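Here chain A shows up in two complexes: once beside chain B, once beside chain C.
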Partner chain A sequence: MSDFLNSCKHYASVGSFQGRMALQRQLEYPLFLVSWLIMIPLKYLIGVWMLKILVDQFQPLAGWTFPQLAFLYGLGMLSHGLMVVVSIQSWFLDHMVIQGGFDRMLLRPLNVFFQFTFMYLNLIGCVDLIPAVIIFVTGCSLTGFDWTFGNSVGVLSVVLGATLIRSSFYTLTACVAFWTKRATHMRAIGHDLMERSTLYPLSIYPKAFQWILTFVIPLGFISFYPSTALLNINHGTALPLEIAMWTPIIGIAMFGLSQIVFNRGLRAYESAGS
Partner chain B sequence: MADRLHFTAFWPRILPYVYVMRLKLLVSLAYRFDVITTLVTNVILLVGTVFLWRTAYRDLGTVAAVNESQMITYAVLAVALRSFFTCNVESTLNDRIREGNIAMDLIKPVHLIGLWLSEDIGSACSAVTLRTVPILLVSCLFFTIPAPADLPSFLLFLPAVLLSYALLWMLSVLTGLMTFWTMELGGLQNVKGVLVDILSGALVPMWFFPGWFQNIAKLLPFQHIYQTPLAIYIGRISPGNALDAIGLQVVWSLILILATRGLWMQACRRTMVQGG
Partner chain C sequence: MIEATNLIKEFRVTKKESGLRGALKGLIRPERETVRAVDGVSFRINKGEIVGYLGPNGAGKSTTVKMLTGILHPTSGEILINGVSPHRERTRVVQNLGVVFGQRTQLNWDLRLGESFELQRRIYRISDDRFAAQMDTMRSLLGLTEFENTPVRQLSLGQRMRGDLAAAMLHSPSILFLDEPTIGLDLTAKQAIRDFIREVNTLHQTTIILTTHDLEDVEQLCKRLIVINHGRVVEDGPLEDLIDRLAPYRQIEIDFVQEVPVIEIQGVDVVEVNGNRMVLQFDRRAFSAASVISAVTQRAAVRDLSVREPEIADVLKRYYQDSA
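On to the complex of A and B.
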């Protein structure tokens, strides 16, 4: 038991050191930070503005009014922002496979998946959280979202669970690189699929697509199903409201799956870079 | 016996070559894999856009003088055009300048901008067969045959598309050339990307935006990139007015050519100074 505690302590201290180093590295390039600070919020604020234009010019989107759409968009963005902060390395896994980046990690007496997961803390990612918070807060106030204790816990668990789903999904798609040596476009697929399924209501798609995005690739749990539950929207979804908030459970399951696939991939790793 | 000895010595020597061969094979396979994955990305974009517009138009007839089938044709073609408008020149410039290779490039007896343009046109040609045609096929099979409003519209669309690509490509060069001063493109590339996305009508055409925004967009070159050719194609700009629109594209192209020329000369001078 004390062995276990000691190794937990060891892992925690290594993790925090790596985080601190990552932050210090990025503070070396302030201009880079500033340019992202302007562009990312602008991009997403305009994205939500386009939704408003669509609703104003046409009609509520599949029954979703603009306040509800803003809530959904904001909720989806929150986990996106968190994912970019804590788990951006899943975007570079393929690069590490080609450059032999795992050699170093394999030499250390630490679990490789742990090292990979806590490798980097992306400060610039906080920039993605700015529009997320602005849009989500706007959505909450426009829909009159009631911040009861239950709802707050719900939002928190959904955001954390959704962050796990996103990171695991990126890791899973990038793991293809262990075998194919390239996964750049896999990441693009993952990214586009997530944008399309988390920033807009799933109910704009045919039932078959909704079914896939619920049971095969459970991206619907990132923002769509939780939003229907939190806002009590009950048109066009097949899922009962109780399951709609299962985001954390699905997140943990996907995280486990990504670890299994990662470890399998690592066996196929041949440190091509050196 | 001698034969066997010969063989055992031969095999380890050839092993590295076999390995490299296998690696090369894997790389080419990976490229084919890239082709498929890029196509999937484009199809996701296509499906997302088409269903977004279908949902928006549900039970509505004509909005801002465009009906549902026109708008879906517009959206499909926007994805198709995006898939072959290759502008790698930005990243090329960024990489060459950052790594100092630009000095060697400048020695070469070719005009560099011309060289980069030919590279991108080459990629664009392969993109047409590998991405654009499959996207159009997917659209024909599952959504709609993206037909033009009429024959004159289609004929006018063709020169308009060429000018669109010219405009987009020169905007990329202008952005890329900034690397001579900033040494890293990161943020600027995104600024350009976001501006093009919003102001070019690639995602949502300008006619759905509020009036004040349309007025700003009219003063800028961006909407001539996607919106002008696509609006001609679906008949939102009638063949009579199309010539005016194409004229504007020509004017903007000339302005951007002059700007590129000027900036290129400045940049070369700057590189000389750096080289010492």
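On to the complex of A and C.
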């Protein structure tokens, strides 16, 4: 037991120091941060504004009104922002495979998956969280979302679980690079799929696609199913409401799976260059 | 101690053909082939040795080093580092290794050098007292004080390499792998690195495996050489033995007062004639330099002469040419 505690302490000490170093590093280039500070909130605020125009001009999307859509969009964006803060490296795993970026990690007496997962803290992610909070708070207020204790815990667990689903999903798609040495296209497809399935209700898509995003690639649990449960929306959902809040469980399962695939991939790692 | 037994490493590569047609063919029916980068390498390195691991580009040096350090898994064969396999117990083995890649720094580019040392302290769980003592040693051996607070990106190549060496030695590993540690450095910086390597070897009996193309490094540091070519060990032994066996000749350069005379001595070859200058080469096991000089001076008046010993470059030339 004391060995385990010592080991936890060791990993915590390295992880927190790596995080601190990453932040210090970014603060060396403040102008870079400022440019993102303008671009990212604009991109997502325009996105939700477009949704409002669509719903106002035409009709509710698969029965979803604008307040409900804003709630879903904001909920999805919260885990997106958090993922960009803690797990942006999962977007670049393929580069690391191709350029021999795991050599140094393999030379350290630490688990490689841990080093990869906790190697970086990205300040720019905080910029993504700004529109996320604005849109989510607007959605909550427009829908009259009731901040009971249960609902608050629910939102928190969904956001954390969804962050795990997102980063595990990116890790899994990029792990292809261990075998193919190239995964940029996978990353691009994954990114599109992620945006389209988490910012809009799944019920606007054909049944087969919904089924895939529920049982095969469970991205539906990032914002769609939890929103149906939290707002008590019944139209067009494929799942019973009790399972809709399983986001943390699915997040942990996907995280476990991504670790297994990562470790398998690492055995095929060829450490390019000399 | 390092033991490598019959190491083999194969890579599967896709054959690339030229042109659009080749690219399409590669897409539809890729032709895969197996390339053997390391082909049955065996050696044993004892504690405290400094071994030069040499060979031309693409000979398999880096692949071997990556297998020894646990980065790559061998296709077959066995590696034991202090009796433990780096592939079965990677974290245990690397706890005792220091590795410096001359072309890839492990230092944090944007931060002051000291931050990278602090990270090493946490990774290797070095106690505060031990860390302070090690830092003092490193400061005195490598002169770190003057640039410890400078961001790594602003360091000269020589300073950066000194920083890399310090980072690799902070946890006092028993084995140090150095992959081209003097590449691109000026003469003074090279000498500082070599002095450091000698020092840690003498002080702590650190085993050092050095891959380099700089023969000065080899001559100054390595008592033993392992030469690899086409993935196989082609030479392994003390530096002097290799020179004796592979370059057993000596050369005399003679500057004559007048025209170069005709020299015909059994076993002595004329390798170069240029104006009044002539270079003779002979087997140093069969002749002494004195006997050749005396034979020459009997034939013509000599203004000046010098004796040239064979160099490590002459020994290695054949392998490097072979690969060119």
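We adopt the following convention: the second predicted complex is superposed on the first by the 274 of 274 C-alpha atoms of A that agree within 3 Å, B and C clash if a C-alpha of one lies under 4 Å from a C-alpha of the other, contacts with A are read in each partner's own complex, and residues count from 1 in each chain.
One rule holds for everything that comes next: a residue touches a chain if its C-beta (ideal position, glycine included) is under 8 Å from a C-beta of that chain, and two chains touch if they have at least 3 such contacts.
Note that this is a predicted model, so its numbers are computed, not measured.
Trainee: Can A:153 be said to touch chain B (first), chain C (second), both, or neither?
Mentor: Neither partner.
Trainee: Looking at the overlay, what does A:21 touch: chain B (first), chain C (second), both, or neither?
Mentor: second
Trainee: Can A:196 be said to touch chain B (first), chain C (second), both, or neither?
Mentor: first
Trainee: Taking the superposition as given, does A:205 touch the first partner, chain B, the second, chain C, both, or neither?
Mentor: first
Trainee: Give one of first, second, both or neither to describe whether A:110 is in contact with chain B, with chain C, with both, or with none.
Mentor: The answer is second: A:110 touches chain C but not chain B.
Trainee: Could you say whether A:260 touches chain B, chain C, both of them, or neither, answering first, second, both or neither?
Mentor: neither
Trainee: Per the contact definition in the header, classify A:10: touching chain B only (first), chain C only (second), both, or neither.
Mentor: After superposition on chain A, A:10 lies in contact with chain C alone.
Trainee: If you count the residues of chain A that each partner touches, which comes out higher, chain B or chain C?
Mentor: Touching more residues of chain A than the other partner does is B.
Trainee: Of all residues in chain B, which touch chain A in the complex?
Mentor: Within the complex, chain B touches chain A at residues 23, 26-27, 29-31, 33-34, 37-38, 40-41, 44-45, 47-48, 51-52, 54-60, 63-64, 184, 186-188, 190-191, 194, 197-198, 203-204, 208-210.
Trainee: Going by the contact rule set out above, which residues of chain A touch chain B in the complex?
Mentor: 31-32, 34-36, 38-39, 42-43, 46, 50, 53-54, 57-59, 61-62, 180-182, 184-186, 188-189, 192-193, 196, 200, 204-206, 209, 272
Trainee: What residues on chain A touch chain C, complex-wise?
Mentor: For this pair, the touching residues of chain A are 10, 13-14, 17-18, 21, 24-25, 28-29, 100, 102-104, 106-111, 267, 269-271, 273-274.
Trainee: Considering the complex alone, what residue numbers of chain C touch chain A?
Mentor: Spelled out, the residues of chain C in touch with chain A are 11, 61-62, 66, 69-73, 90-92, 94-95, 97, 99, 101, 103-104, 106, 108, 110-111, 115, 118-119, 122-125, 151, 179.
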